[in-house]
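See the structures that follow.
Heads up, the next two complexes both have chain A, just with different partners, chain B and then chain C.
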Partner chain A sequence: MINSCKNKMRIRFKEFNGVAIWKWIANDDSCGICRMPFDASCSECRYPGNDCPVLHGECSHCYHEHCIKKWINSQQTNKLCPMCRQEWKSVP
Partner chain B sequence: MNSNFSEQPRATVLSSNPQTTLGQAQRRLMRDLRDLNLNKVEGICASPVDAHNIYLWNAIITGPPDSIFEDGTFQLTMKFNENYPNQPPEIRFVTKMLHPNIYTDGSLCLDILQNRWSASLDVSSVLISIRSLLIDPNPNSPANSAAAILYRDNRREYERQVRELIEESWREDLDTDNDDNSDDEEMKNKTRATTTTTTTNTTREQENAE
Partner chain C sequence: MNQLSSIIDDLIENGEIDLILPVIKGGIKNQIEEVYFPQLCSVIENVPQSPSANDIQHVINAFLQFELLLNETNQIYIPEQYVDKEQCLNLKRYIEILPSKINRLHTIKNSFYQKFICLFEYYLACYTAIQSKTIISELIGNTLCSFCKKQIGLCTCETFYRNFEAVLNILKRLKLLTKVCQMSAIEACRHRISNFVRDTCSKYSPNECIPVLEQWYESGVHCWLEILQGYCYDELSQSSQELFDDHKRLELKNYILECYIKARSKHMFMIIIEYPESCKVLKDLKQCIKQIGHRYLIIDTVKDEFNKRLLHPGAGTTDILAAFINAIRVLRYLDSTGVMMELSCNNVKQYLARREDTIRVIVSNMNEHGVLELDELTESDGRATQMDMYDWEPEPIEALNAPDRALRTPHSRDMMSMLVSIYGHPELFVEEYVHMLADRLLSGVKVDITHEGRYVDLLKNRFGDAGLQGCDVMLKDYIDSETINGSIRKNLSEKFSLELPINALIISSQYWPEVKFSPIELPDELMAIQKAYTTAYGSIRSRRTLHWSHNYGQVKIEIEIGGKTLDFTVTPFHAAIIYKFQDKDVWTISDLSSSLKCSTACIRKRINLWQNCGLLKEESKDTYRLVEDSSKVAQNSQHTQNEMVITKCGDDENDTAENQADLDKKEHEQTIICNFIFGMLRTMTSLTLERICSLLSIYAFHGKNEKTLIEVRNILDQKVTANQLQYKNGLYTLPSSNQE
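Presenting the complex of A and B:
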């Protein structure tokens, strides 16, 4: 029906606002160290996003990069995952 | 204030309050407090001593049921520092205890509070561990050797003395309660743990109203 109409409706875009959402891929909702959601920043950062990334460990646990680095640096001997106490190795 | 604060997205809170510079330890402690209030755990209760210092907490553990500690309520203090949760809190029993892993000054010999501390632990998990330590002592690393020997060699006498201490703590509580009635100022100075300062104030206001 519409196709057969002679006067087709025309739409002209004046403006277009794209909206996107993003989410960190992590196996949990929140960081086990600071308890803030991954989609928010760690407790030291102001804004979430690339400046406050999420780090995955080989043991499958995830933390804010800032949180896990601070924990690892505060440990004198063993650098262990706070959750499973396996040696912490981050997945690149 | 706490609950509203933590439910808002952080960016909003910070942009509306650019002066707020809470450290990671303070933020984490506020989350711990919120978690404690949201997920009540049987037998434990804790809160900061006052609204101006989130680093010092009072806690109360009730004795696990069906144990010799059953009828006791045990008061502890928890001292955090700005490196929390990367460093464990200093925890000490205020109530006098007889336990193989509790020093006579009230401090504890518990691996998770020393070399097995982990940044994923929080106030509630620590208190749950301490509560289970009460009924499950580790006689191999005694902090109070007299208690450890008694526990190992003369369990009946150990249990008798524990019960005696618990009964003694009731008497002290009664004494403090009497003092409180006679002098309100004194109550404020007491280090007795209250669930929250606000609740005590409200109850007091209600009493005054009546």
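Presenting the complex of A and C:
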């Protein structure tokens, strides 16, 4: 302990109630499809986070899960990333 | 008179019979003119401004004395044997009417008539006391005669009043009555009315007064005037003019109302607080206002009384709000156009808007049965309720004093919109609520989420979902955080000894009001546990991380100083500052700032807490020293809990100042945006919402303070309801009158 006996005051922490914001770890701030921030939900959802997760593609692009699924489903043939036109494969 | 008699005797002795009659005539006339009447006048003129019963008695005696002397002149000895009968009769008749013929110009001054005001009022009081014994005792609440203060059965006022009739008769003989009545009767009535109303209404009572007062007037004052008129009848019939015409009587009647407003306006505060028990008084006041106006009397007192009694830090917000709500009800009853209310409650509104917990009180009263009743809140917001044409009332003249009224459209004026108007726009109110909810969740106080959820739903019903969407997420964050805390605590307890329990409120920043991040380096111990928590979080929620804000949250610390142990609960920021004083007794602000890697302003703002607790002392400017004498600290520590509250308030004070500035900024922004929209519509006639929004983001926002589609729509909707814009088939246009 750095507190030597000459110090008059000693402080002990008893409990810590912190406040933090959560963020998706992603290479961009907002979804390239709906233009909403990742930390917010896609336009269809009410709640962000677990209810509206973010998917990472192997091509390094990220989208709201709901947004990219809608996009992929609307494609007739190839399932491509809307940004780089590579085949979309999500990282698990 | 004896002198006169001896002169006549002399005349008879000397045989100058012809002179007898002229001498008698002249002598008596002279006597009355020069002696008797001036004596009377001087007694009257010497009556003091507010005469006592004795003074009045003095005057009465003078009158009676005067009458006695006049009668004596009638008894003058006329040596009938020397005068023929005809002439003798003439002489007697002459003496009879002599009092009305005397030359009074030099003896009567204006003050002579003025004195009769007091005299008349005195007797009017006596008369009304006789006439309306029961009414008055009802009003005052005892059974004494209001004039002589004796029990009603023993009252001697009636005999007393006869004296007055004698006075009237003498005045009539002097041909002065009409003049005296004209000069002083009405004035006496006014005095009487104002004194009477003052006496009966000076104390607050919840009873109806106007009907009683009117009855008192009819049976007392009115009849008394009739009596006077009767006395003057002979003189008047010649000039055929009425002494007290209808106009004068109406004035008197209105004067009662005026006096009543004056007396009651002093009780406005009481009336407001007591409402609805005071509704009878209000009924009176409403009648007065309707008939004679004088609204300003009420407006001014309400304003003053509120300033004096409520708008200071000592009064609780709940009380102020309750009074405000009552004032709204009371003033709206008095004036349905709302002008009185707006004029008198403006400063209350401004004050309430500055108070931090106003919105909380409003919202918390929404579904508890507090000051607000539910039906007042759930009333639709006025767009649906059409104002009935026949209920329309013109605005009172006082509206001219509220210059910004003319610009405002007649919006619905239900109770909730009144309260919302404290904050200007409904949007601002909603925002204020969101801020309040956020503050509450962040404050670390246990929050009942289902309870809060109900408020949010209520507000949504009223104001629509748009502004309140964030609230749902905020409440969900709070619940989720508790679950996460539970599982992380389990996770951490395996690695760390649980000496320092950690909880976190993990928030979705996009849905909360702006979260402030003031950078600071926390003590290692806190940093370590925070890091551990973040890692644990990452394992529960994959691909997510946490950013901690040290402006919020609480650290419970135990400070050991001078053999005493003190407990504090402070923000991490505060904890970091005091932690530094363990290593060194003296720190300057700039040293602290470089050691903690944070700005000096942030430290300055927060170091006060420790100073107030007595732990630190500002030695010289920006240099703080840990106190050596720990006795003072110990003394303070007894109130640790209280201090916490104080510091909380201190912190909030800054925030409210900021909030106020925020609100002003918001309003300013809104006007700018509106001007842009109007400009665009002038050149392009009609636009869709999306187009307006994209144009705004190009030209108005410049990437700063960008508004969402919903926010822009809210602004546009507001303008549509205010008839400044039209909305048809998805297009916004200017109303046709504005287009050129």
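The criterion applied here is as follows: the second predicted complex is superposed on the first by the 74 of 92 C-alpha atoms of A that agree within 3 Å, B and C clash if a C-alpha of one lies under 4 Å from a C-alpha of the other, contacts with A are read in each partner's own complex, and residues count from 1 in each chain.
Quick note on the criterion: a residue touches a chain if its C-beta (ideal position, glycine included) is under 8 Å from a C-beta of that chain, and two chains touch if they have at least 3 such contacts.
Remember, it's a predicted structure, so these values are computed and weren't measured experimentally.
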- prompt: Where does A:Arg85 make contact in the superposed view: on chain B (first), on chain C (second), on both, or on neither?
  reply: first
Message: Quick one: is A:Arg35 in contact with chain B, with chain C, with both, or with neither? Answer first, second, both or neither.
response: first
Message: On the A-aligned overlay, A:Lys8 touches which partner chain: chain B = first, chain C = second, or both, or neither?
response: second
- prompt: Does chain B (first) or chain C (second) touch A:Ile25, or do both, or does neither?
  reply: second
Task: Mind telling me which of the two, chain B or chain C, contacts the most residues of chain A?
output: C
Message: Quick check on the superposed pair: does A:Pro48 touch chain B, chain C, both, or neither? Answer first, second, both or neither.
response: both
Message: By the touch definition at the top of the document, which applies to A:Trp71: first (chain B), second (chain C), both, or neither?
response: first
Message: After overlaying the two complexes on chain A, where does the chain B footprint on chain A coincide with the chain C footprint?
response: 40, 46-48
- request: Within their complex, state which residues of chain B touch chain A.
  value: 9-11, 14, 22-24, 27-28, 31-32, 35, 83, 85-87, 116, 118-122
Message: Looking at the complex, which residues from chain A come into contact with chain C?
response: 2-3, 7-26, 37, 39-40, 46-50, 54, 56
Field: Residues of chain C touching chain A in the complex
entry: 442, 444, 469, 472-473, 476, 480, 500-512, 515, 523, 525-526, 529-530, 533-534, 537, 541, 543-549, 551-562, 567, 572, 575, 578-579, 581-583, 585, 615, 626, 628, 630
- prompt: In the complex of these two chains, what residues of chain A are touching chain B?
  reply: 32-36, 40-44, 46-48, 67, 70-71, 74, 80, 82-83, 85
